[in-house]
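Letters A, B, C, D and E name the chains as they come in the text, with residue numbers starting at 1 for each one.
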Amino acid sequence: AEPIRIGAILSTTGPGAGAGIPQRNGLQLAVKLVNEKGGIDGRPVQLVMEDDGSSPDVAVTKANNLIFSQKVQAIIGPTLTASTLAVGGVADPAKIPVMAFTGLGVPMEKTRRCVFHMLPSQDLNARALLEVATKALGAKKLGVLHDSAYGNIVMTKIREVSPDYPVEIVAVEKWEVGATDATTQAAKVKAAAPDAIAVIGNSATPFRNARQIRLTAPLLSALGTATYEYVKAMGDAADNIVFAEFLVAEDPLPSQTAFVDAFRKEYGVLPKTMEASAWDAFNAVAAGLAKVGPEAQPGALCEAIRGPFDGAMARFDFSQEDMTGLMLKSYVFSKLDKGKFVRLPFKAGS
Amino acid sequence: MLPNKTSLAPPGIAGELPAQRLRTARPSAATLSVLAFGAGLYLILPLVLERHAVDLLVFCGLYAIAGAGVGFLLGQGGIVNLGQAAFYGIGGYASAYCSARLNWPAPAGIAIGIVLSMAIAALIGRPILRLSGYFLALATLALGIICTNIYFEADFITGGTLGVPGVPKLAIGGFVFDTPERYYYLVWPIAFAIILAMHNLMGSRIGLALQAMRDAPDAAMVMAIDNARLKLWIFMLSSGLGALSGSLFAHYVGFVNVDSFGVDKSILFLLVPVIGGASVPAGAIIGALFIGLVPELLSALGDIHRVLFGLALVASVVFFPDGLWGLGRGLIELTRRRSGAADRGETMP
Amino acid sequence: MLFTQALLAGVTNGFVYALVGLGIAVIFKGSHVINAMQGELAVVGAATAVFAADIWGLSLWLAVVAGALTGMAIAILVELGPIRALFARRAREESFLLLTVGLGFTFSAGVLYLFGREEHLLPPLGDEVYEVFGAIIREHALWVIAISAALILALRLFYRHTHLGLSMMAASIDPDGAATTGINVRAMRTATFALGGLLAALAGLLVAPLIGVGYQMGPLLTLKGFAAAILGGLSNPLGALVGGLVIGILEAMSIVFVSSGMKDAVALTLLIVIMIFVPDGILGRAGRKGG
Amino acid sequence: MLSVKGLCAGYGALTILKGIDLGIGKGEVVGLVGANGAGKTTLVRTLAGLLPARDGEIRLGGKDITRIPPHLRSGFGLAVVLENRNLFGELTVRENLALAERAGRGRRRVFTLERIVDLFPAVGEKLYVRCDLLSGGQQQQVAIGRALLLQPDIMLMDEPSTGLAPKVVKDILDVLGRLRADGMSIILVEQNIAIASSATSRAYVMAIGRVAHEIGEGDWPRFMADEKLVSAYLGHHQGAAHQ
Amino acid sequence: MTLAPRIAPDAPEAPLLELKAIAHRFGGFQVLHDVSFTAPPVGITGLMGPNGSGKTTLFNIISGFLTPTSGAVLFDGRDIRAESVRRRSLDGLVRTFQTPKIFERLTVAENVMVGAFKSGRSGFFAGLAGLPSVRREMSDMRAQAYETAQRFDLGAVFDRPSPLLTAGQRRLLELARAYQGRPRLLMLDEPSSGLTTTEIEVLIAKLRLLADEGIAILLVSHDMELMGVAQAIHVLNFGRIIASGTMAVVQEDTAVREAYLGV
């Protein structure tokens, strides 16, 4: 039978590749398994994979290609927030669902009824960090080190929601994406004597720098750096870092074991949140396609996806305002112990 | 009396002026037919190509506009500009802010971007254009990075990392340029007009002065050429083109953010004329096509495509010394020589 | 404490920039080519060492030697191939720039393709951590400083006091004059690239324990090295050090006294101001003006 | 000493030298004159190896050096003072000279740094000054000194008197005279026939890439007296004749 | 001669150029000490001296590339020390260089046309627009350049790329270009080097012709024959004027003979 074409725009090169490559692995596995089970409606799935090189203008070009030349039914990705905004501008009018690996939660997303989010909004990420900082670590004074891209967005939200928590933000320092050194920033945060420090961004460098200048306060981090690669690049700085994420494959939740096993069987290593979210993204599209069939009217697939979906990463509800439906209690917290992620008993949002 | 004294003829009764061989000399029939063919090809391309290909060509056009500015600085002024993305960004943000946030008509945003860019170029150019060679290149590089930094920080205008979404499509007199095809027919004529204007300038007194300034600045000064002012002018011209390209980019993609205005873009804009050949303005067109299309063609080959793109750059410089434009001209010359066409009045034996 | 810590960080970074800038200066001195792939060569050197140790199981020292030789060998090949072709044709400056930018792309993509996208750390030369006025500096940073300083001193002596060093400079300043003075111009250029490649690899190997090198890091290193070399006067090894320190310290101080968000804006504005006041670079010397 | 047969050379598609034949014996100072564009510099550059010979043969001291690369020719006893001086501008005078001294090491030592400083006092004053700060004449002196330090058997000098004060020219001519007495051969490209005639015993007159006329031993006065001959070979429009 | 001098050479005139106690120092090296002389608005003034005596430095000071450590440069009675090279050129002060500075990427024709840059009118925007007036201006400039090129025996190589010129032709080209800049004072730094004896004779005739046209010339040369065209000669030695006068006078001066002529 004629294959169903699904597009993907991932940042497999450039600064976003830390997330883009795991996403690619999760996605390819999901496609493979669906095809092994006979595809959707008896038709195999053909994945058209594109790399946007972490640049939004390239992402738009690729989206144009996928939608108008390749005639895909849905787009998995992009990896980065800015690319999501850019691609949404092309895909939404064409009523092609976009399963973005970013969480926006900005009001304008209300108008884009076909752009779904596989990861929590930054508002939620900010709250998850503050929850664990205040409730699990008991921090009264929080320092923040963040990068100029993803970290910057989260930081904006931390500022907004921090009044809800009994914590004072005592130092905020920034490093630019790709920086080779953030020692001075770390020193400036250290000088403010915080009880805990949130390090938000896609780089192992600041973690190392913080430990190198003997910053002993607990470090917290978000999704972006919760991967084995980053942990390896952190070197001996990697212990006792707390992550707010969704999947600890060493100790998965019952709803996650099937995915973890399949992944380990395929690749021989453990997956993290990014792999799981890509797996979910494809499966959500596949579920929608199974409902409306591959020949449906434009927009029907979006409608079909717009509902609850039980994924390996977490439970989604794409009919929510933020087009993701993730909640604080969906988070899983982990701590690094000798390079291994250990799931913490702490639950947020309770 | 020495026999040679006869050559000291007073002015006025000199021998006949050799046939014109100015840079603006009338094109030959061969050139004209090539041009006509090119124009035809240009017009029908969108009809035969897929939308995606047209989309790529629109980006090529944008690169050509911004790259032409950098190329003119390099080829005519000997100035390596590693900061064009700064002006590209000014154009992009001016358009995005004016039309998406303030709901002003698109031409207003474009004009503001260009004027602002040229004003900034005038202001900053005065001190930094006193530098020369690689020192100037470093200053432009620094300028580019400073601007990127500011784009990150000034998020009340630029939206920071998130950028400005929802930039409306460009509409002129009710006609909306909302498809790649329509944009293609808008962007490329602009690029051609710019190249033509540059070509004109090269054939003028100012163009000669530019070349003179580049080859021997001291001697140019003695000929009363105001090197500083010339440099400032072409720097402003280049900046204005960067802004124009950025504005067109913003309206085309409908979204701008800092990622589009980084140092890598500046390097790309420099590569455009260098690959195409910086000695002729039209080199920017060829360079833009190369930069815009080759990575896309190679990306079909999988992960190795970036290595291949690097090698393609290397090959282009090793095998085509004057840029791809030089290759084209070489071929034309060759066919001409073959067909025994009349020589061009050059005195080279 | 904060000030001292920032100063130490600035100085350490300054030496890192200087190390890359040193190679750029050496290659410029000996060939008048701006080598825009210096950072990538550093990455290649470090990545090779990491892989020689991790995958081929070489001992650390052998791996480091392998990394250094790889950097040197690649630079030599680049000189023997495309660079020589361009020289034979008397290509313009921008052709060399494009060539090295293209090669930089290629090497960075090659590292990505062959070695993956991880950042690689090498073990440091020493694990101690020292405290200076309440601030902390790692032993390896001190080694970087000491080794770079020694390299710079050695290069200075090499260029001013050895026949080979003088010949390398002479060959690039005036190839015809050099050839008629019994200097093998091509061999000198090859030697220059060998030295530049070796310095690049050394830079990569020395900084890998501090910052962890990855395929995407080349351009950044090149840019900072380029800035350091130019600020110092372009063809002067000592200048590259001064340039690197100025940039490193400016950056650190902008973070302390202004804000980390405006670091680049502040540091680079100051850099432009410095250049305007010393238009030939801090240690550069101007030629004759006029006739 | 040096013999050239049927030498052809040029640039790109252009052939400038169209079969040059000449010969210089040991201890001879031979002039090479000719109008602008006659090809004198091209000949010097070809003899020096900077421009490949397209045809013909260059023999030096009996050995064929036509295909020897330029930097090895000093080892055969050949030294050149190029038209543009070609000094290493960013290096000091001393460094310029030291490089040549080193290259001349394997040969019989006739010149030392001290002797050069003696010959050209201006050089001595500026030993530690960068060459590109020197005046034009000072640079010319350094260039000649540099060539001498290669300890050559034969010197090619392309217009060495350019830009030199008359006194220095006289001194150089004196030196050349002494060198010749020491057995050194010299080819002197010289536009100024007064200088050429007083410095050389015989000369080749070049025109349009060929040796068009030979001024034999003792023929200088006759040549100079013949205005027609002089203006025919040294007059103006020769440069255009290549077309 | 075909042209009558515009101004009679013997008319008493205020000097066109006047140097007052010029001194210059490079770092610790004092090149010029207290140099004063004048050049009349008509005729040829010579400047000679041993290598390194400071002639070119003096040229750089007069043309504006260097600012003297002390002393004044008066042009037309006005102190021009603060003026740029360009401003001085517009006033009619045009020089050539000891090593010819040719615009290598231009043809001979274009090089000469650049000489007439200052008399052109068209601006940047007119150039971009490619107005017909610009084209006309360019062809006029070219025609004028051709006349000048012929005067300086460059007619036959008019459309050659300038790198192909021989040393002698480069000298002539620089001269032609400077002439095209309508100089009132033409400063020539060793214009004869690279020329044959015959060519120097022609050059002498050309300089006379230029002088007859009313162009004042300041000439630096080591060629005694060429120097013979100068009505007054000043001899520099170690940055000081050691003799002034006609050729015959300075040639007999013992200091000059010892320092410069070596006889």
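Definition applied: a contact is a pair of C-beta atoms (placed from the backbone, for glycine too) under 8 Å apart; a residue touches a chain by one contact, two chains touch by 3 or more.
Every value quoted in this text rests on a predicted model; they were computed, and no experiment measured them.
Farthest from chain D by Cα centre, which chain is it? Let me know.
Centroid comparison gives A as the farthest chain from chain D.
Which chains, taken as a pair, are joined by the highest number of C-beta contacts?
B-E
Computing the C-alpha centre of each chain, which chain sits at the greatest distance from chain C?
E
Centre to centre, by mean C-alpha position, how many angstrom separate chain B and chain E?
Distance between chain centres, rounded to whole Å: 39 Å.
Indicate the whole-number Å distance between the mean C-alpha point of chain B and the mean C-alpha point of chain D.
Computed value for the inter-centroid distance: 47 Å.
For chain A versus chain C, what separation do you get between their C-alpha means, in angstrom?
Spacing between the chain centres: roughly 37 Å.
Provide the list of chain C residues touching at least two other chains, using ranges where the numbers run on.
112, 261, 263-264, 289-291
Going by the touch rule set out above, which residues of chain A reach two or more other chains?
13, 148, 176
At least two partner chains per residue is the criterion; list those residues in chain B.
Chain B, residues with two or more chain partners: 2, 4, 7, 149, 152, 218, 306, 347-348.
Which bits of chain C are touching chain B when the two form their complex?
34, 82, 85-86, 89, 91, 94-95, 97-99, 101-110, 112-113, 219, 223, 226-227, 230-231, 234, 261-265, 268-269, 271-272, 275-276, 279-281, 289-291
Spell out the residues on chain B that touch chain C in their complex, using ranges where they run on.
74, 80, 127-128, 130-132, 134-135, 137-139, 141-143, 145-146, 148-150, 152-153, 218, 263-264, 267, 271, 274-275, 278, 303-304, 306-307, 309-314, 316-318, 321
Of all residues in chain E, which touch chain C in the complex?
56, 59-60, 63, 65-66, 95, 97-99, 189
Can you list the residues on chain C that touch chain D in the complex?
Residues of chain C touching chain D: 163, 166-167, 169-170, 173-174, 176-185, 235, 285, 287-288.
Please name which positions on chain E make contact with chain B in the complex.
Those in contact with chain B are residues 2-3, 63-65, 84-86, 89-90, 94-95, 97, 101-107, 109-111, 113-115, 117-118, 120, 122-124, 126-130, 134-135, 137-139, 141-143, 146-148, 150-151, 153, 155-161, 164, 174, 177-178, 181, 198, 201-202, 205-206, 209.
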